[in-house]
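Before anything else, here's the structure in question.
By written order: A, B, C and D. Residues from 1 in each chain.
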Amino acid sequence: MKAIFLIHCPDQTGIISSVTSFIHRGGGNITYLDQHVDEEAGVFFMRLEVDFSEGSLPADEIENRFEKDLAGPYAMEWSMHLREKRPRMALFVSKYNHCLYDLLIRYSTGELKAEIPLIISNHEDLRHIAEQFGIPYHFIPVSRETKAKAEEKQLALLRDNKVDFVVLARYMQIVTEKLIAEYPSRIINIHHSFLPAFAGAKPYHAAFNRGVKIIGATSHYVTEELDAGPIIEQDITRVSHVHKVNDFIEKGRDLEKLVLSRAVQLHVNRKTMVYNNKTVIFT
Amino acid sequence: MKAIFLIHCPDQTGIISSVTSFIHRGGGNITYLDQHVDEEAGVFFMRLEVDFSEGSLPADEIENRFEKDLAGPYAMEWSMHLREKRPRMALFVSKYNHCLYDLLIRYSTGELKAEIPLIISNHEDLRHIAEQFGIPYHFIPVSRETKAKAEEKQLALLRDNKVDFVVLARYMQIVTEKLIAEYPSRIINIHHSFLPAFAGAKPYHAAFNRGVKIIGATSHYVTEELDAGPIIEQDITRVSHVHKVNDFIEKGRDLEKLVLSRAVQLHVNRKTMVYNNKTVIFT
Amino acid sequence: MKAIFLIHCPDQTGIISSVTSFIHRGGGNITYLDQHVDEEAGVFFMRLEVDFSEGSLPADEIENRFEKDLAGPYAMEWSMHLREKRPRMALFVSKYNHCLYDLLIRYSTGELKAEIPLIISNHEDLRHIAEQFGIPYHFIPVSRETKAKAEEKQLALLRDNKVDFVVLARYMQIVTEKLIAEYPSRIINIHHSFLPAFAGAKPYHAAFNRGVKIIGATSHYVTEELDAGPIIEQDITRVSHVHKVNDFIEKGRDLEKLVLSRAVQLHVNRKTMVYNNKTVIFT
Amino acid sequence: MKAIFLIHCPDQTGIISSVTSFIHRGGGNITYLDQHVDEEAGVFFMRLEVDFSEGSLPADEIENRFEKDLAGPYAMEWSMHLREKRPRMALFVSKYNHCLYDLLIRYSTGELKAEIPLIISNHEDLRHIAEQFGIPYHFIPVSRETKAKAEEKQLALLRDNKVDFVVLARYMQIVTEKLIAEYPSRIINIHHSFLPAFAGAKPYHAAFNRGVKIIGATSHYVTEELDAGPIIEQDITRVSHVHKVNDFIEKGRDLEKLVLSRAVQLHVNRKTMVYNNKTVIFT
């Protein structure tokens, strides 16, 4: 049994020693440990990968003891994830296909170790791609009047499909507080600029007008404030005066795909933690 | 005689043919030609490097004929620069030494083909570096009350030293309209962020607080609006949650040096043109 | 009518002037011009994009006159390509699907302006992908004994389909002299290393064993010497001690896709010229 | 008292728990822990930063107990370094000044936390730079006949100055087995190529001739085989057909400076471990 532990708590001496001794006593072999202390905030973060040998306690018993022996005394927020259990991911898309294709190919080749029980879209345009890869595609149109109802339908689908997290793969609608509240730090967006520059609509046009020499893309967890959530991953590419807005858009597509897929992989592999609107990204 | 021509004018057919024929008739061999059309603005840009053979006309006569035969008919704004004439550059500094050191070393090794007749500073801190490299160092303190007078002194020094352009090598004062008006598109600043993100004061602190995964530096021509002038060069480096503000500052120093020196080299080698608050950067 | 001219010839004065005057007289408007002089070799290279107005001469007449007036006198090797005529590209694949998917998606969205009349493979594994995108898939098995015959079949298919150039999208066979002779500087390969490091088989394993901190991918034209042809494009990504060979392979896939697609785009857009086993890549 | 521990030993369960418990019992607070397991080799690596509180045992007593309680039982190779003790670094140079300048500026500003008791050179050219920064400069000419004697002088100087490690800052001589044997994994070289491509002499010329689109620099520990030691850091920059060998050299200088200074910083901050001719580089 392979498990991943994510832990954060107020910093104090002895935490690493206590946790690693607990694992050792429980028959676990630590194959990966990384930790971080946010000195300003006084918070300790740790990520562990552990191999529990055949005769170890069952997962829920380990969880019970961890809660009692460690989480209580150290005031930890923590989670334990079994490797064999793949997180369930919903994709929200609109009309752009590049991020959708990219994620579905990684999924179909086994590179992306998640389940994708459904795709939700406010347009019919990309249904054929969903069908190519055999994923159910739900068309839920959204207008100003129907927004609340549409969201109810979305949430019902997410619940019915036991979705763990949501990826907005160039979904061209602003998701609402209700969805965010139900999936805190579990909705991943790709924004087509180097945030915080050019938040909001039409970032490539804004970048072109400003005459920047580098454009970027940013993947972040969605919070109520638009394009202001914790950043998971960013990357950039060079542009010059020879490039028009359409060139920015074309170069940007490759960036968006890569940055979003890296962020999704980090989330799926439990390498992200959120604190104070920032992320800790483990290696 | 080696000369560089920089030209821009309303776009129309036949410009390249007319200019290259002019050069050819005048005994010049074009060793480099690059051009760009800004289709939105309808403006044509061109940069030429030309070798004029021994028996060619003198430079001022070439200029006269160019003005009459081409610049007039095509409504060109243009300039011709002789390779052997090095532009004269003034350095403005405050307390940070890294950009100053970097430029002076490139100057002293001959890599930077400019003259540096003087360094101006509002502090005495970096005088010893100026002395190491044998460059006159002028201490002109600046306070709110003395700002106007200090600027007069600066301008007088620039004029006396026949300065062609000014480099703000982490000069921690805002230069005023008067200086900008006298050196339009000829004052180069280095800003320690990936503009337009984090304009203004303390960009590394702002970047840290936002939790970005990449920091940058931007070199631009100074205009009246703070940190909003035409961008010459930008570059970035990766950061992560393990880096504190001081790490951002330290990594940023290497970025600032490189980005500023590249921008200065582009300017010195006449590879920049400014139009509509953007730059055309020739290769 | 939009046309692209690619020209190279012994360097001498007046070429640009002669060519641009020719275009101007012929009713063409030059929308792009870039040139390069290889001073060591004494060779001049030029790329032009030209808009010929409605009343211009027909393409073949322009070609005739160009040959007579310019190509002869200047000893030029040159070609003229009409924008509306898309080059025809054959894809060779084996078992890896990532480069194939990447190119087919760019093709199907119109980003890649080529025709793809066929895919040839020595395995059946990727037929379903060809079918997803509606491209004929030809299975031609290759063994040591059948290699010559297989190549005949390949060549026949290429001729029948009027193929202009070939892309080896992780084709795991060495193509032979005969194919190379028929498609000189028109077979594009992707090699999964930063050439010339790690030429030949298993470059990721070799890179891992050497303990490099950066891995790369290289796209090049195929010549008879293995992995030694003119380089079109390269890119890299960082690795560290935490990455195993499989991580190299996974990170490498994203590199390979990007580098190959950029090289193919450069070729399709007539931005590459080959000389002395090197490339000139126009912007 | 702040200390850094570097440990490697055969991998087995319980090491992290044992080490962290030892530190905790000894009154230490772990402020950083990173570990790595080389699964192929079956070797465990760990780096710890520890704050020992006021009343803790003295450093040598901690060392004694660590040796007895942990190093023995686990067959560890290990070292403990006190933060306040700066390593002593000798610089070897020839005629190129850029790496020397770069390191001396970082040293003089306090960014590089090492002592530099001396500079050794086989030329007099850079003496004035050493004098600018007040570092003793020893001129030891090297010819084929005097090589052995010169090396004796070098070694005597290194011993007299209690030098911990040596940096070859573009030193244009091959150091001999004797020096390497005395400073195993403690001589840092900068090679001006992306190793293993273009090992040996004139790498920029070789890169130019091959027509690469990217050039690099590599910093590595020196071993007996030329340019084949464990790589500490690499970086790259783009080039194109417009760049001549001299442009490669000029762009390369900036790369060499950065790559060498990063490698030296990693070594000084005890973030490097060597095993099987590779490095583990801690963050």
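Heads up, the rule we're going with is that a residue touches a chain if its C-beta (ideal position, glycine included) is under 8 Å from a C-beta of that chain, and two chains touch if they have at least 3 such contacts.
Here the structure is a predicted model, which means the values were calculated and not measured.
Asker: Greatest Cα-centroid separation from subunit A: which chain?
Answerer: B
Asker: Measure off the straight-line distance from the CA centroid of subunit B to the CA centroid of subunit C, and report it in whole Å.
Answerer: 37
Asker: With chain centres defined as C-alpha means, what is the inter-centre distance between subunit A and subunit B in Å?
Answerer: Averaging C-alpha atoms per chain gives centres 42 Å apart.
Asker: Show the residues in subunit A shared as contacts by 2 or more other chains, in ascending order.
Answerer: Correct list: 240, 242, 283.
Asker: If every chain is a node and each touching pair gets an edge, what shape is that graph: line, ring, star, complete or other?
Answerer: complete
Asker: In the complex of these two chains, what residues of subunit C are touching subunit D?
Answerer: Residues of subunit C touching subunit D: 36, 38-39, 194-198, 210-214, 216, 230-236, 240-242, 244, 277-281.
Asker: What residues on subunit B touch subunit C, complex-wise?
Answerer: 13-14, 16-17, 20-21, 23-24, 28-35, 37, 283
Asker: Could you please specify the touching residues of subunit B with respect to subunit D in the complex?
Answerer: 97-98, 101, 105, 109, 111, 132, 240, 242, 250, 253-254, 258, 283
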